[in-house]
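Structure incoming, see below.
By written order: A, B and C. Residues from 1 in each chain.
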């Protein structure tokens, strides 16, 4: 079982469910998969980032394999997404918002766990980003898509902001539920505003506007 | 060297050779690769699932790097597949049967090792499936194909049955060679019958029959 | 901080910068990515192989996350590549040479670290190769390309030679900076000569010349 304080655990479990749901829906939209494939992709999305984090900070077996709530929520999100896919798969905006919830909570929890494991501030921010984008990146790669984190800067950047605010509050000893919620909210808002207004990071001069994509 | 009882070790080594052979043959069919690429893909198929399992249960370095028989059989299977590829690559049925042998033995050994490492029943079944499908999934992703485990439910489901029977017999203290062989046989039969009769898991309502594939 | 002797550390840092630069340039050529995507791919190329090595030899957290010079050089290489991409992306030969520098240094350091962690000679050579080709393989997979290591034997083979010479000198107690530089030079020359003269490993008889590629 996790030793996180209850409110942070709730945040982490929320992100896990959000990514299980979202990962499975993305799978349904990207590829014609059966129920097993959809649930597998939901679980990979929900658990993958945390697996990479726990491996790199040497906290093994991963927390999400030791606490039944994580893998149950991951699989449950995937099953719900499969059952409701007819209704949900055109609700792109809602799916993106659910994804932003997972991104925000995982960036915060990931950075906090990395600092807790004794890493410095910069690697902790990196691990926050890896936790947040890792699961979705594995999912996209498995279904043959270029991962979101590579296609738009407005995916890694909000995660980096959430992780950085977390690291700042941990280092100044003010980390706790309010700080975690503030950091997650900062990440969430940047991601959602970026989606709403189509903001993006600069492209290399040579390729700007010259090719259709990856 | 492995501390497994000899008969279970034999099962594990058989699966390693089967996956080395099968992974390399799949590589020859999927992409035009030279001998190095073919052997690399054979080794990845044979060793990848066990690497992921050993990382997640914190049993490092992986057993397959400490015991020369594993990596030698993995590379040997790949080399044989390369040498005989002209004769073997159209023998799709035989290749599928060899793959089912690897799938069955790895599901059983993976679940048993996870329980032995102190994981609960559900995560142990998950790790059995990961061990069984992990190597092939990395291979398929590297050559740009949607992994078998996502394309057909009749790949993860037999692995799950084999892992579940294993977990059940471990929990009830009747695990040993007969139980392991029984669990592997259950997995093998479901996989081979599924292939023979084209069985499959349900697809989401929305996409059924509407698209050509991933 | 790393406990490597200074000259070997310099070699390792050189490889990290080379792969950060090269990985980012490859990303610019392969896919239309913004600055975040380019830097992410540079960092993955530079740090990915070492991550896999450190996970498999159970040396966690990875050395590159504990020493700020590694991740700073990886990110710096990526940023420089982004900034200069207009000038650099057509300099294919120079990019290949930079890549060969990373390949050579990582093969040597990877094998040495694996032996230092207690692995045998054969797995240490395997880990040298994994360290050298791992980051580039993840990068290629993420942007949807068949990895270089699978497409040409003249990528894994020089890495294997560099790792084998390293292992030989470690086993005979003559390993040190001269031996490491010699092993890296052997790898570098084979790779560069292979590129220059278009050498390649044998393909399976069945597919030779019959298909356009993966």
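Details
Keep this in mind: contacts are C-beta pairs under 8 Å (C-beta built on N, C-alpha and C of every residue); 3 or more make two chains touch, one makes a residue touch a chain.
Molecules present, by chain and UniProt name: A, B, C = Trimeric intracellular cation channel family protein.
Nothing here was measured: the structure is a model prediction, and the numbers come from that model.
Setting chain A aside and leaving every other chain in place, the chains that still touch stay joined as one piece.
Both copies, chain B and chain C, contribute mostly unmatched positions to the interface they share, with under half of the numbers common to the two. In this entry, chain A maps onto chain B through a rotation of 120 degrees when their C-alpha atoms are superposed, rounded to the nearest 5.
Inter-chain spacing, taken between the CA centroids of chain B and chain C, is 28 Å.
In chain A, 55, 141, 144 are the positions where the chain touches two or more neighbouring chains simultaneously. For chain A in complex with chain B, the touching residues are 27-28, 30-38, 40-41, 51, 55, 60-62, 65-66, 68, 71-72, 82, 85-86, 89, 141-144.
The residues of chain B lying in touch with chain A in their complex are 55-58, 117-120, 122-123, 126-127, 137, 141, 144, 146-147, 149-153, 155-157, 200-207, 210-214.
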